[in-house]
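What follows is a pair of complexes built around chain A, which joins chain B in one and chain C in the other.
Let's turn to the complex of A and B:
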């Protein structure tokens, strides 16, 4: 090989390397994949609250969930105040685990059936029941009794499917951004009611009304447990419900959120219904023997304008079913 | 051999082969580009639960084994195996408790009594790798007022469930009904499980080092990491004592060397001071011992040989000092 040929080949090799590097740099995406590039438009949930009915809350004591939820709604003006003729209602339950109802790790089926029945009685044209338990949704809905309860009163259970998710970014959020949201069940829905049990939670200290929206997230959502309090705050910012129903009839005091033993439970005989999910959780904390200061997400949600941590300020109506 | 060029110029064959290789590389690059364009990190689930298969589990058991161990029962669901990457899919927010304790894998299955599908139980076998880790998750979740059972050194039952640690395994058997028949089925499963695994019972020596007087034996727990909020304080055993007019928590931790133990005393003392603690003059005469008042409680820490030990969050200074003396005497007779 001559010197001239060597130099020419070196230049060619250098040019090839430079071209490869330039192409790689041009193709490099420093921000990572964007779900919206897949044809999915970012979605956000509409505001499902009813103007003029903010800051309403009732706390009813009693052992029978059907009786306490009926009374709690009645003292707030009746379910008709929140659900009108022709409304399409979505009930967001907690069906996170395939456990029997007696363990109170999930939404109680009798309570769910009663709320769905009341919605139909008020004239709702449809009631959809949904949640996204990542592991084995069919078993979760079946073994908790939620599926049977919903169907027994004419409700429709929507199990999560891959096509049901759309990317969402919560306005002003720093965590829930371009994240898969269980969106399809919200199609044509105009009223949303969250129904959750009061539970201890290993990471957040408590799982109640606000944490219940976690079940609307898809993907590898467990990463949110690393910053659980801000995540719950953003969940509360993500969903503005018509109502939340916090079931403190039997409270999971320890070993939450799974529980597993009846020894984890305590009868606290309280039903909370509220248009203010922050106030509902603040009161729910007392059933767990905790203060608002011990559950930082409550104050964070309040600071974000979602609701009121000092529930006494909204003058909750107290009653008892005896 | 005739195709090989000796003049420095490629032959036609070499050119075609070269072009073929380049085309293949371009094809691969285009494929990678198209595939990664459709990749969604949030929806992609690389950690879906697998069906029971011993080859993919660190457990010595397979899903088939669980049903074999349950006499008179039939599968209600297929066996599932979870690893650290997807444990939260199964137990959600409780996964961190197991992960921080060194969790390896979980094998679970729901089983129902023959002819009675409403009478079912779920078996969850956590492989924690060592008896200590298994004890850690067992002890920290122990239910109050539970009934001890003579199944293993660490076993209790509640109205609807049976919990035990056996060697490297922590096992939960949770029933959907509270019938006597189901109780027997749970016990039967546990006995067969122990026989099948063939794990020998191992001792945890630290459990015998707490002074016996006034000790609530069932209160002993093992904190694998971040004990008392201090990230350097790991593998700490804690025990509760009910004294005449107060309650008290003692702790101890075996370290690698005595200098590590004494160094950790100094580090934990510093941690307490940095978080608002105040040194308090103590009546005790242990070299290197520290007594700190913090949040209206007293923290007394000392080292004895390879042991770091002390009294945590005591309400009464005198009781803390008296008990620390008893704990030190017990540790003095111990052989780490």
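Let's turn to the complex of A and C:
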């Protein structure tokens, strides 16, 4: 071995030694992983309500959803009161099940299209429609007619994806803590309207405007059924919408929330538009033949300051499309 | 344009077409999603699938008629399918080409030399086809019993022919001929008489395990696309999962990488379709061959030979995949594709021994009956083998399923999964439903799997038939199984916690899952009253956790008073409890009396007459690791022998 070879080899060995030693020093961890660490930053939804417009409600009877929702908004002062030029609106529909609109288990597509159209008419720059359904998302949005209805008037449908969820903790809540929330669709949104049908629900008593926010939760949300009333209360605390539209044109009286048969439905011909989701649900209960006392989550939501259970106190405007 | 260039264009075209068909096999509203694309076309062009299902079912299902086009062209032209169309072959061809780069002429000649092992594919073909032919053979043997006139006609005809031949002096020992003939007929009738054929001779289609077209569909559908689609979210909004995908992927990778060692390894040694086409093409009108025996012996033709069929010498017609490389590489232009055989001679038949043939034949014939001894098709029916809606009864299903994975790709909820050993070795990679893995259960309004199935192992049912509507009302809906509540795991049943997510999600109307109300006294829930008014009770000590009983699900009852009705608790502190104002106590519970705190539970039950086994309840059950409600294929409607529930007296299912 020549001196030159020896020196070269020594330099290579030295460099390798230095590399291994510095790498292990660099990566050295004396404590092990910290289980409490969670990289995700908690998010919360902002308040989407319009100051000075709280406690407004209208109840319009009539068979045609397009007519009743138009009228209900008009008697409240028009959609322009709620949606301004350039607003980015999110419509939270109930698309939970892959069933046709006829079965009324999901938000009615004509109603959705009309609300989206009115938003654009009032000058909204974009309308996003979203939900995290129970059945296969793509099937749900297409079979319910929601996707086609939204797109026909220029709305954008956002199907839930893994990356769309961010953990949230509802202020003052005990259940919805560090829970995945369908957050990405709310990016740049400044107005939120919930559109839900009135349905029987065996566990909670009824699925209406407040229960509709359940579709913003991700993860293993089914465990919330163990304490459904407090969960619905916290959902109502989580979202302060601009408006809720509770569609009681056809009410699912039995076999809810899936339904599945026309025999489960009854024509109740009522459209409720409200800035107070508690009042809307309290009135919706009457369509199901239930009292507020039978739906503990309504009183719970009222007690946490979300709204008014005795809807007559906020003087709802009543009208009819004849 | 040179012929190999035309061939390459054809290969690229069919490979891209194949990938396109795999991508579009997806439910949705987009223009590129399943909208009458002939996504099964390559499977239908595959004569091994057509022949296999013909042997097992004695019928050629719908689009499988396309295979006739391949057969006819192969009989005329030779194995063009392998060299020009087969997407799996094209993939091997390309990887083999990459592996050959930089190799010397001598090395290329060595790897592309004919190898004795190339006979293996013929044995595999014989084995698989015999296994598929079991019931057909049984049928032929049974003819002597079912129609006794046939043996008599045969005996008379045989004797007549022998006598004619004897009179013409074409056979010398007519007595011996008669004896051999009669003993053969005797064996035939005897077999039919003594063998319990229905039990011994069974059949199932196993060609799909190694059929190249089924294999490549399975690999792309269940491994490649799910991996790519998670990055390209347009293809699928959620990650798709396939149980046992590792094995499918490993086999795919191994077969592809083997090309680096030996080009077209799979085509030469394993491919049963190649073997079948090789046999079909032995009388091809046009064939590759030398126009003159003597040549410079440069062996350029052997160096680039895809099929390893030795074009420079005695060419093996059955191995030639018509890549046409030899024709264009011959500098003297001595290799042609023409009517007359090669001037250096040719070998048309496959290189298999008579002994090997008989051994393979017998092994194939006993393979399925041996597998059936595990009883998986009969009494040892596995609780995990839940077949998709429209699937045939297990035996007929196994006679048709190709394991191509088309149903698993199309299923919108990703619940159709390739089976492992659940259905026995015979059912390996066949579709079974797994309600834990996907995005929901079997969707009520979906019949995609039966519509796409290329061999009708899953029948193309209509929505009316699936749901038992209109003309199918008397038959009732298609039942995949029944859900059973595991009372040891169910939250309300086992742990006093309200839940009933299963009931809520049950999609039938009326719901197959119903509840019975039950009030059960909570642990440590008997408390002594300190004082009380009509709505509020104060207890001794601080026995309560703040707000614990304020969920709306808790009730109280005065323990000492048998007639006291339950009252709903609306709030509680550490030592007080408030009840709902709608029902105050007329006579408040006296001090020192006991109050029971009870939880209102809705206990889920399954109505077996209504449950269709869609598995949505199992999918939604919050008890995740092992669900508290699970579907087993009990009462599945595809096989009457598996019915569990007696029909109602006035209505038969």
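The working rule: the second predicted complex is superposed on the first by the 283 of 322 C-alpha atoms of A that agree within 3 Å, B and C clash if a C-alpha of one lies under 4 Å from a C-alpha of the other, contacts with A are read in each partner's own complex, and residues count from 1 in each chain.
Just so it is clear, contacts are C-beta pairs under 8 Å (C-beta built on N, C-alpha and C of every residue); 3 or more make two chains touch, one makes a residue touch a chain.
Worth saying up front: this structure is predicted, and the values here are computed from it rather than measured.
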{"item": "Partners on chain A (chain B, chain C) - clash or fit", "value": "clash"}
{"item": "Touched partner set for A:300, first chain B, second chain C, both or neither", "value": "second"}
{"item": "Contacts of A:1 with chain B and chain C, given as first, second, both or neither", "value": "first"}
{"item": "Touched partner set for A:178, first chain B, second chain C, both or neither", "value": "first"}
{"item": "First (chain B), second (chain C), both or neither touched by A:230", "value": "second"}
{"item": "Partner chain(s) touched by A:24 [first = chain B, second = chain C, both, neither]", "value": "neither"}
{"item": "First (chain B), second (chain C), both or neither touched by A:165", "value": "first"}
{"item": "Chain C-contacting residues of chain A that also contact chain B", "value": "97-100, 134-136, 139, 143, 162, 201-203, 220, 222, 225, 228, 254-258, 260-261, 263-264"}
{"item": "Contact footprint of chain A on chain B as seen in their complex", "value": "8, 33, 36-45, 47, 49, 77, 80, 88-97, 110, 120, 122, 141, 143-146, 158-161, 163, 172, 174, 176-178"}
{"item": "Chain A residues within the chain C interface of the complex", "value": "97-100, 134-139, 142-143, 147-148, 159-162, 201-203, 220, 222-223, 225-230, 254-261, 263-264, 291, 293, 296-297, 299-300"}
{"item": "Complex interface listing, chain C residues touching chain A", "value": "27-29, 233, 237-239, 412-413, 439-440, 443-446, 491, 497-501, 503-511, 515, 550-553, 568, 570, 580-582, 602, 616, 620-622, 624"}
{"item": "Footprint of chain B on chain A - complex, ascending", "value": "1, 27, 32-33, 35, 37-38, 96-100, 102-103, 134-136, 139, 143, 162, 165, 167, 178-180, 201-204, 207, 218-220, 222, 225, 228, 254-258, 260-264"}
